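Chain lettering (A, B and C) follows the sequence in which the chains are written, and residue indices restart at 1 in each chain.
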Amino acid sequence: MVTANNLVKSYAGKNKVPAVDHVSFSVNEGEIFGLIGPDGAGKTSIFRILTTLLLPDEGSATVARFDVVKDYKQIRNIIGYMPGRFSLYPDLSVEENLNFFATVFGTSIQENYNLIKEIYVQLEPFKKRRAGNLSGGMKQKLALCCALIHKPTVLFLDEPTTGVDPVSRKEFWEILKRLKAQGITILVSTPYMDEAVLCDRIALIQNGKILSIDTPALISASYPDKLFAVKANKMSTLLKALSEFPEKEASYAFGEYAHVAAKKDEPEFENKLKKYLENQRIENVEIKEITATIEDSFIKLLK
Amino acid sequence: MAEVVIKTHKLTKRFGNFIAVNEISFEVYKGEIFGFLGANGAGKTTAMRMLIGLSKPTSGSAAVAGFDVYKQTENIKKNIGYMSQKFSLYEDLTVLENISFYGGIYGLTDTEIKTKSDQLVTELGLQNQATKLVASLPLGWKQKLSFSVALLHEPKIIFLDEPTGGVDPLTRRQFWDLIYAASDEGVTIFVTTHYMDEAEYCNRISIMVDGKIEALDSPQNLKKQLNANSMDEVFYELARGAKRSE
Amino acid sequence: MKQFLAFVKKEFYHVLRDRRTLLILFGMPIAQILIFGFALTNEVKNEKILIIDNAKDIASQRIISEIAASKYFQIENSVTDPNQIVQDFKKGIIRVALIFPANFNKDLMHLHKAQLQIIADASDPNLATTLTNYISAIIQDYQSNLNQTYDIPLRIIPEVRMLYNPELKGAPNFVPGVMALVLMLICVLMTAISIVKEKETGTMEILLVSPFRPALVIVSKAVPYLLLSLINVATILLLSVFVLKVPVRGSVLLLFAESTLFIVTCLTLGIFISIKTNTQQVAMLVSLMGMLLPTVLFSGFMFPIENMPVALQVFSNIIPSKWYYIIVKSIMIKGVGFSMIWKETLALVAITLFLFFISIKSFKIRMA
C-alpha cells in the first residue's frame, strides 16, 4: 500500500547530515505500521514526504500505487493525515472544524459517521467548545476524526500520542485497533517504545537511518545475546557494579530492573553474575532471564 | 531522620474559580530522587512553579531549601537549579559561551567558570563541540548539557521538568546516570516525567490527580498497595478517573 | 555588576549573530538618507503653465519670457479653447494658468494699472499657493523694473482664482491622501497575516494534504476583509463630509466602486506577501515598514512625483495608492466622471490581476 525507496532528504545548513538517509520500507494493506524512534530521527520528514508535503532529494515513494511527486493530487484525495502538532483551527468549535474538513473533502459528517462514531461520542458533549480549549487527549481525538472524515485508504499519524497523558494514550491505541479492523492501513510514528508492540510491523529509526524492520516479536526474538533482568536494593550501586562486570556485553537501567546482556558463549553467566554481585556486597539480588523488548533491541542497535 | 529540603503544607493555587493545585502537603528529603508525576492538567507544572519561586501560591505554605516561597524567592533561586524542555540553552551561543553566561549569572568567579567549564566538557565528552553553537548539537546532548549547566552553581536542589522527553533510549539512560551521580553527591532531585520506567528510578514518587496528591510513596510500596506489576499500571489505576482529562 | 556584564556580553552575541537585525540597523538609515536626500523635494520645477496671451503686447511678452526663463515653469500655450482648458484642469494635465487680457499693456500705460488672471488647481492647496506665489513674484519683479523707468507707479494686479478649493483648506488634499494611505496599510496588513498565520500555527499542513484549490483559499481569505474595509471607506467619507466639511463633488457611487477596486488590489498584495513570507513577524514588518514608506513617498500626496528622478517616477507607477489618490481627488474634489479616470482605473485593474496571478503561481502546494 505504501512503499518508500531509498528516500533522502537534507535540510540546508543542518550539519550536512541528512534528515532522511536512504530510507526504504513498505507497508502492507490493512496493517498498522510503526515508525519508532526519538526526536530528530527523521520520522516527521518521512511522513511529510509520503503525504506529498515535501519533495525528497533522492529516491521515490508511492502511496496506493500513486507516486508522491507526480500524482500528489490523487494521493491527497485518499489519505488522512494527523501532523505532529495540533493543526486544527483553535478558534473554531469541534463541530465547525469537523464540518469544514468534511466539506473540503467533498463529503459530510453524516456520510462516514460510522467510522468516527466511537471517537466522536466522547467529543460530542464538547462539540460547541473551541478546539483550542480542549485538553491534549481530546485534541488528538478531534484531529483523528478530521483525518478520518472522508474515509481515507491510508491514515498517517505523526506522533499522535506525544504529550498526551498515559490514560489517553491507551485509549487512542484501542481506537487504532478498531480502525484497522475496518480495513484502513495505518502508519504511525512514535518515540514510545512500549507502543511499538502494538503495531503489526515496525521500523526502528535513528538519525535518519532505519536500524531494523520487522514484526515486534521477530525483532525481539532476533536479539543476539542472552538477556537478564537484575534487581537489588539500590539501583545506582547495582548499575555501577554491573558496568564493571567483565562478562557482560551491556548493562543499563530498565525501570525496576537493570538489564544485563551476556557476552556470547558464556554458559555460566547467571552464576558468575550472582557471585560477582555478592562479592560487591550488593544485597537482595534477584536475577532472571528475560526476552528482549523493543527498547532493548533499540539500545542494542544504537550502540 | 534525613534533613527536609522541601516542605509544603496545604499549598494551593487558584486561577479565578479554578483550583489548579488543591492543598497539597508533602516533604522531600536531602539527597532523594523525588518523582513528581501526574497527567497533563493535573497541576504538577503549576505546583512546581510555586516551589521554584516563579508563581505565588494562593494559600498554604511551602519552604524550599529552608526559604519561604512567599517572601524569600530570591534566596530560593540562588540555591536551586532548574531545567526544563522549554527553558533551555541559547541556541545561537556556543557551549562555552552558555556555560560562561550562566556561571556569570550565578556569581561564579572567572576561575571557577574556567574550572567548571573544563570539567563539564570533559565529563560530557563535548571537547569537539565546545566552540560550536548549541543549535548544532543533537537533542540528547543539549539535554545533558542543560542539566550540567543547571548544576554549575552547586545548588542543593535541582528541579527537572520532563527532561528526557523525545530523547532516544540510550541517551535517556545516560541522562539518568548524570542524575544518579548528582544524587550521590547529595543533591536533591525533583523530577517530573511521563516515562513510567523512569518513575522506578526514583526513591519516592507522588502522583497528582485533579490538583491533589493521590499517592506518595516508594515505587515498590505503591505497586504492592495497588496490586500492580508496574508503575504504568499504578498510574493507570490512579489517573483513570481523572476529571481533568476533558 | 558581574551579572550585568554577563547579560551584556550575551546580548552582544545575540545581536551580532542575527543577520536580519544588522541589516535593518545599518541598512535602513543609509537607504533612508539616500531616498530623502535625493528623491524628495517640495520644490516646484518645470511645472507646466498654460499661458493665454490675449494681448500679445510688449508687457505680456516680457512677462512670458521671464516665466520661460525661470526654472519653475514650462510654458504650454497650445490650448485656447475654454472647454478644453476646463477639461485639462479636471484631468490634472495642467495645474496653473495665466491669462492676459487683450489690453494689458495699454491699460498699464494709460490707466497705470492692469489686471491679469492666475488660475490654479487648489486641490493641493500648498502646491497652488506655491505656484501662484512664484508667478506673483515674477510679476512683481517686472513691476519693480518698470517702476524704475517710469515716474508714476504702475501696478499689475493679479487676480487669483483657486479652483476646486477656493478656501485653500488642507482637508481636500488631506482626505484623499489619508484614504489612500490608510486603506492600503490596513488591507495589506490584514491579509498579509492571514496565510502566514496558518503556516505558523500549522493548520496549513492538514489543508495542504487535502483536495483544496489555492485560488479558492486566496479569494476566501480576502472576502471578509473586503466587506469590513468598505465599512472603513464609508466611515472615512462620512467623517470627511460631515466633520471635516469636505464634500464629495462627484458621484458617490463611483467613489465606492473605485474604492472597492483599490481595496481588492491591496488585499491581493497582502495575500502575496502572506504567501512569500514564513512568519507573522516578517509579514507584519514587510507590510508596515515595507509598505508604509513607499506609499507615503510615492503616492504623490506629500511629495510631488514629477520632481523625483525619472527612475523613481517610473517606480511610482507600480504603487497602487498613487493611482487611487488621483482617482479619489478627481472624484471628490474635482467632481469628474469615469471618463476622466479610466486610465487610472485600468492601471489598478492591471496591478490587481498581476498580483492575483503571481499569488496563485507562488502558492506553495508543498511545505518545502
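Please note the rule applied: contacts are C-beta pairs under 8 Å (C-beta built on N, C-alpha and C of every residue); 3 or more make two chains touch, one makes a residue touch a chain.
Model, not experiment: these values are computed from the prediction.
**Student:** Take each protein chain as a node, join two nodes whenever their chains touch, and name the resulting shape: line, ring, star, complete or other.
**Tutor:** Graph shape here is complete: every pair of chains touches.
**Student:** Between A-C and B-C, which chain pair shares more contacting C-beta pairs?
**Tutor:** Output for the comparison: A-C.
**Student:** Report the inter-centroid distance (CA atoms only) between chain A and chain B in whole Å.
**Tutor:** It comes to 26 Å between the two C-alpha centres.
**Student:** Provide the C-alpha centroid distance between chain B and chain C, rounded to the nearest whole angstrom.
**Tutor:** About 61 Å, centre to centre.
**Student:** Sort out for me which residues of chain C touch chain A in the complex.
**Tutor:** 201-212, 365-368
**Student:** Can you list the chain A residues touching chain C in their complex?
**Tutor:** 48, 51-55, 72-73, 76-77, 79, 81-83, 85-90, 101, 104-106, 146-147
**Student:** In the complex, go through chain C and note every residue touching chain B.
**Tutor:** Within the complex, chain C contacts chain B at residues 2-3, 5-7, 9-10, 13-14, 17-18.
**Student:** Which residues of chain A touch chain B in the complex?
**Tutor:** Residue list for chain A touching chain B: 15, 37-41, 125-126, 134-138, 162-168, 170, 191, 193-194, 206-207, 235-236, 239, 252-256, 295, 298-299, 302-303.
**Student:** Using the touch definition from the top, list the residues of chain B that touch chain A in their complex.
**Tutor:** Touch residues, chain B against chain A: 39-41, 136, 138-140, 165-171, 173, 176-177, 180, 183-184, 194, 196-201, 219, 230-232, 235-236, 239-240, 242, 244-246.
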